[in-house]
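You will see chain A twice below: alongside chain B first, and alongside chain C after that.
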Partner chain A sequence: MLAGILVLLALLPLGANGYILGVLTTAFYFAVFAMSWDLLFGYAGEVNFGPTFLIGLGAYGAGMANALLHAPVPLAILIGAAAAVAGGVALAIPALRLSGPYLGLITLVAVLLLQQAIVIFAGVTGGEIGLSVPDVLSIDSGPNYEYALAFMAASGLVLTVIARSSLGMILQAAGQDRIAAAALGFNVTKHKIMAFAVSALFSGLAGAFLVFYLGTASVSAVVDIAIGVRVIIAAVLGGRRTIIGGAIGAIFLIVAGELLRPIGQLSTFVVALIALTVIVLFPDGLLGLLPARRGS
Partner chain B sequence: MLALQILIDGFAISTLFALGALGFTLIFGVSGVLNLAHGGLLVIAAMIAWYVGTSLGYGADWGALAGLAACVAAALLTYLGVVRPIERSRAIPARERELFVLTATLLWGVMIEEALSYAFTNSPVTVKPLIGGTIDLFGVSTPINELLIAAIAWLAMGGLWLLVNRTRIGKRLLAASINPRGLTLLGFELGTIYLIVWLVYGALAGIAGVLLGSFLGSGSGYIPGLTGSAFTIVVLGGLGSVSGTLIAAYIVGYIETVTAYLISPSLRDVPALILLVVVLYVRPQGLLGRR
Partner chain C sequence: MNDASPRLAVSALHKRFGGLVAVKSLDFALYPGEILGLIGPNGSGKSTVMQMIMGVVRPTAGRIVLDGADIAGRPVFEIARAGVGIVFQHSRPLRLQTVIENILLGLLPDRIDGLRPPPGAVDRARIIAEECGLGAVLDRLPATLPFADLRRMELAKAIARDPRVVLIDEPFAGLTRAEVQDFSALISRFRDQGRAVMLVDHNVKSIASLADRVLALYLGEKIAEGSPEAVMRNETVRRVYIGGGIETHERPEAEIAARKALLKVDNLSLFYGKAQALDDVSLTVHAGEFVSIVGLNGAGKTSLFNAISGLVPYRGTIAWDGVVRGRESAAVIARSGIVQCPETRELFGAMSVADNLDLAAQHLDPREVAERREWLFGLFPILKARGGQEARTLSGGEQQMLAIARSLMMKPRLLILDEPTLGLAPVILGQLSEALGVLRATTDITVLLGEQNVTFALPHADRVYMLEHARIVWQGGPARFAAEAGTGYL
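On to the complex of A and B.
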């Protein structure tokens, strides 16, 4: 069924207009943000309130490499991803000592500090106005859409494989009882750092791709806490500890926000209300509503 | 001269920070809930006070009362409509309840923000001060309102201290924070105690919100920042520790004031954030945390 949906989505540019493709392109990158977040929270049990710290590092790393160093797009994306992985490992160090709300706060502070750093070093980062990059992936909405779809499918596949591998199992075990997992002989520290690095890698890649889709890197698009909140909501809304749930939640959120645009200012309110209702009444998210999963 | 100015301004700001964060730490201490809609409650109080007091023209005192009442009502709604359904839900495993409360209150805060900017305005407003005019304090011209704010804030905090330490209800709140199961076994209804603590929280947040609105102004865009400041202060002081919160509020308040006066107002929250990171690395439980 999943393969069928992907094929249908891949054929969409034949029939849909540029506006629909544009909305879905953004939604696909958002889906990768949410899936990477789910690996950290759903499996490793790490409360990361700062997904945009990793996304922002990837986005600005790639944007600055392209705008200042004139790196070609593929190289710039790799540089952005490397910056995000470095950030992810830096976040993993406090995560080894802190848990719950304390780690949540540290990750939140990391976002705020990144935001301030971007504003302070406005000379190289573009500051509050944003950094425009000279190159883009494509100027046509069709190819942009296909890039995003392929990237989302590949990321989802890799993340699902990782989550179902022994790494995912050990992460779950360590998330539930760290001492027991360590007593069974697993190197919890190594696995946690791995989880942060993998999550950061995909967040960073997605952030970098997004910059070359939008043509600009700005605080309000890739760093702002409001964006991070939407990533978390998407992952929990779709169904945590499923990876694919993140993608479903993200696409739902973005498309719902777009459909509700006619009611103007209140659209964010309604989306938040829907998400809150789902979280309170159906904690397993949209995926949990499917009859097949309810039985298992 | 500048030093005296920093001393006076910093004192007023810090006292407000302390009052604003106190309710947040109280709720966490007694019921283990981190309410990320905290900033929303503060701004509700200020916006209603502004609407009734200035927009409708009933005057500053009626405005302040209306703001306070609105904030208490909003706090009750937060508990009954958002927090309690999650705590009582059987579908949410206990291990993950904390994250669900965090996510749900975060969403609730977003809803408050959007509703306020839709119903009133999204540009910042200033609540009319209870008393206008300035006074000469050791050669620094200080608004009387600033002194009044500090006095009211300290009165409110004193009232909380009396409530917790000198009344039977307060003893129950204290007991609930130490051992909720023990309290239930003694025949006290935990639900009632949580309801009371949310009422007290609403009142504290209401007072803090109205005063903040008359000192710094208020608006729906302030909500994330206010929640962030309260979270920072409370974690810096140690989650659930009242005296830790007070100390942290003064540290953060003075650091911000000194930065704003001596370096640049746009950087005012940076040093406190760096301090927070350092403290959490060295001493994760905060200054006076009890973990």
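On to the complex of A and C.
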């Protein structure tokens, strides 16, 4: 069924207009943010309230590499991803010492620090106005859409494989009870750092791709805490510990937001209300509503 | 078997938590192919010893030598890989994985690039599962399993890596008698395979038929070591567990029976998920009576008190002052006069001693508050001296006194004291015991005391109930306890 949906989505540019493709392109990158977040929270059990720290590092790393160092787009994306991975590993260090609300605070502060750094070093980062990048992936909505779809599918595949692999099982065990996992002979530290690095890699890649789709990197698009909150809502809404649930939640949130645009400011409110209702009534998220999963 | 060299040799093991000495220069050995029982009441240090062997807690000093290599203070995962397996009392299996996958987890290599289990691991997991009696439920999810099977799964996980030493915390907690037989057979098989097995439990009786040797701890020190029978006969052990030669002060049975039944519990059962914490418990507390419920850790005392206080759902009936209770909230129940002083004390740590007391007096007449506070300061003079101090800076004994005083501030008709002696030094126990004596002699308060420390529970009691494995197994006067129920308690 999933393959069928992906084929349908791939064929969409034949019929749909640029506006629809644009909305979905953004939604697909958002989907990767949410899936990466789910690997860290759903599997490794680490609550990262600052997904945009990793996303922002990827986006600005790539943007600055392109704008200042004139790196070609593929290289710039890799540089952005590397910056995000470095940030992810740096975040893993306090995460291993702290837990619960304290880790949550650290991850929030990391976002604020990044935001401040961008504003203070406006000369190289573009500050509050944003950073324009000279290159883009494509100027046409069709190819942009296909890039995003392919990237989301590939990321989803890799993240799902990891989540369902032996490593994913060790991560879940460590996320539930790190002493019990260590008593089975697992070096929990090593595995958690790995989880942070993988989550950061895909967050950073998605942030970088997004910059070369939008043509700019700005705090409001890739760093703001509100963006991070939407990523978390998307992942929880879709279904924790499922990976693909993050994609479903993200696409739902963004598409619903667009569909409700005619009601103006109220749309954000209504979408948030729908998300809240689903989370309260169905803690397993949208995927939890599928009978197949419940029965398993 | 003791001619062989020990598999695990513990020497001069010492652990201090701040000012508290939890384990004091302990020496013992564990041989291949034997089952050693490590027993001791709450706070004796037995869990700390187990956690130090596993590396969860770092020893302050001492050596833990596994087949010639000192493993003391190494990280948990290294100790696990060196050949030590552990079955925790509370475990959280992987919810989304089947039984066989959960066992497979224990067979995975510690690698971050492992996508698939190593060849042969699935077959090995299946063999282990069969061995542990899980053959029929391989593909079930943990949530659908009965409690005993969940415990079997934990045993299977622990031996997956073929450990030379197996530590098992409270092997039989929550199991039925038939299941205890199965588990004993299973654990005996571990021994016959040449593993060194250490069981940690509260008393000798529960593990007597299984253990080859027993080591008893009390307040962090070894008080006896030998065959289960010898340890059960040991004078020090008997004193710690049954408190021989206690002077009791029960009031005449007829006088008590003539009074009104203040609290009446009938056929109470209580479950936590699949584990049964109380099984058909009935008891009566008369007005002005002092009733002690004795039972080891995990017997169900706290569950019983929480049910009475309306904190957990239960089956059965609870009648208070002649009226069978409906679905009143815990707050309504507390204000109707049932006040629980919980085992964990639950003081407001950042508030002063005086504020903790005042908070409990919110529903009292202001004039009465001052009077009652003075009375409590008379009962526990140290609290007056500590009035302005933050509650969390008090010593353990002072905190317990404050917790009791705070409960008394609420003018309870029934005061429930859950394990007030937990973790306290003997000298503090004496002070607490005196205060209870004064309370009993000078007021008409009704007290329900839960204790595993018999020495503390018996002196003031009018009547005693003994809880064991979720059931009441004995009731009677405190003077008859040692003769009639004492051996069951060892």
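Just so we're on the same page, the second predicted complex is superposed on the first by the 296 of 296 C-alpha atoms of A that agree within 3 Å, B and C clash if a C-alpha of one lies under 4 Å from a C-alpha of the other, contacts with A are read in each partner's own complex, and residues count from 1 in each chain.
Going forward, a residue touches a chain if its C-beta (ideal position, glycine included) is under 8 Å from a C-beta of that chain, and two chains touch if they have at least 3 such contacts.
Everything numeric in this text was worked out from a predicted model, so none of it was measured.
Asker: Would chain B and chain C fit next to each other on chain A once aligned, or clash?
Answerer: clash
Asker: Touching A:Lys190, do we find chain B (first), chain C (second), both, or neither?
Answerer: second
Asker: According to the stated criteria, A:Leu273 is in contact with first (chain B), second (chain C), both, or neither; which is it?
Answerer: The answer is first: A:Leu273 touches chain B but not chain C.
Asker: Please determine whether it is chain B or chain C that touches the greater number of chain A residues.
Answerer: Residues of chain A touched, chain B against chain C: more for B.
Asker: Thinking of the overlay built on chain A, is A:Ser166 touched by chain B (first), by chain C (second), by both, or by neither?
Answerer: second
Asker: Quick one: classify A:Val229 as touching chain B (first), chain C (second), both or neither.
Answerer: First partner only.
Asker: Per the contact definition in the header, classify A:Asp284: touching chain B only (first), chain C only (second), both, or neither.
Answerer: It touches chain B, and chain C stays clear.
Asker: Can A:Gln176 be said to touch chain B (first), chain C (second), both, or neither?
Answerer: Both: A:Gln176 reaches chain B and chain C.
Asker: According to the stated criteria, A:Gln116 is in contact with first (chain B), second (chain C), both, or neither; which is it?
Answerer: first
Asker: Considering only touches as defined above, state whether A:Gly104 meets chain B (first), chain C (second), both or neither.
Answerer: first
Asker: Which listed stretch of chain C (63-71, 207-215 or 333-341) steric-clashes with chain B in the superposition?
Answerer: Looking at 63-71, 207-215 or 333-341, the stretch of chain C that collides with chain B is 333-341.
Asker: Under the contact rule defined above, give the chain A residues that sit at the interface with chain B and also at the interface with chain C.
Answerer: Common interface on chain A, chain B vs chain C: 176.
Asker: Hey, which residues of chain A end up touching chain C in the complex?
Answerer: These residues of chain A touch chain C: 161-162, 165-167, 169-170, 172-173, 176-177, 179-180, 182-188, 190-191, 194, 241, 296.
Asker: Over in the complex, which chain A residues touch chain B? Could you list them?
Answerer: Of all residues in chain A, those touching chain B are 41, 47, 94, 97-98, 100-102, 104-106, 108-109, 112-113, 116, 119-120, 176, 225-226, 229, 232-233, 236, 265-266, 268-269, 272-273, 275-276, 279-284.
Asker: Residues of chain C touching chain A in their complex?
Answerer: Within the complex, chain C touches chain A at residues 54-56, 75-77, 80-81, 85-86, 88, 91-92, 94, 96-97, 101, 104-106, 108-117, 141, 157-158, 160-161.
Asker: Please name which positions on chain B make contact with chain A in the complex.
Answerer: For chain B paired with chain A, touching residues are 34, 82, 85-86, 89, 91-92, 95-96, 98-100, 102-104, 106-108, 110-111, 114-115, 117-118, 224, 228, 231-232, 235, 239, 266-267, 269-270, 273-274, 276-277, 280-281, 284.
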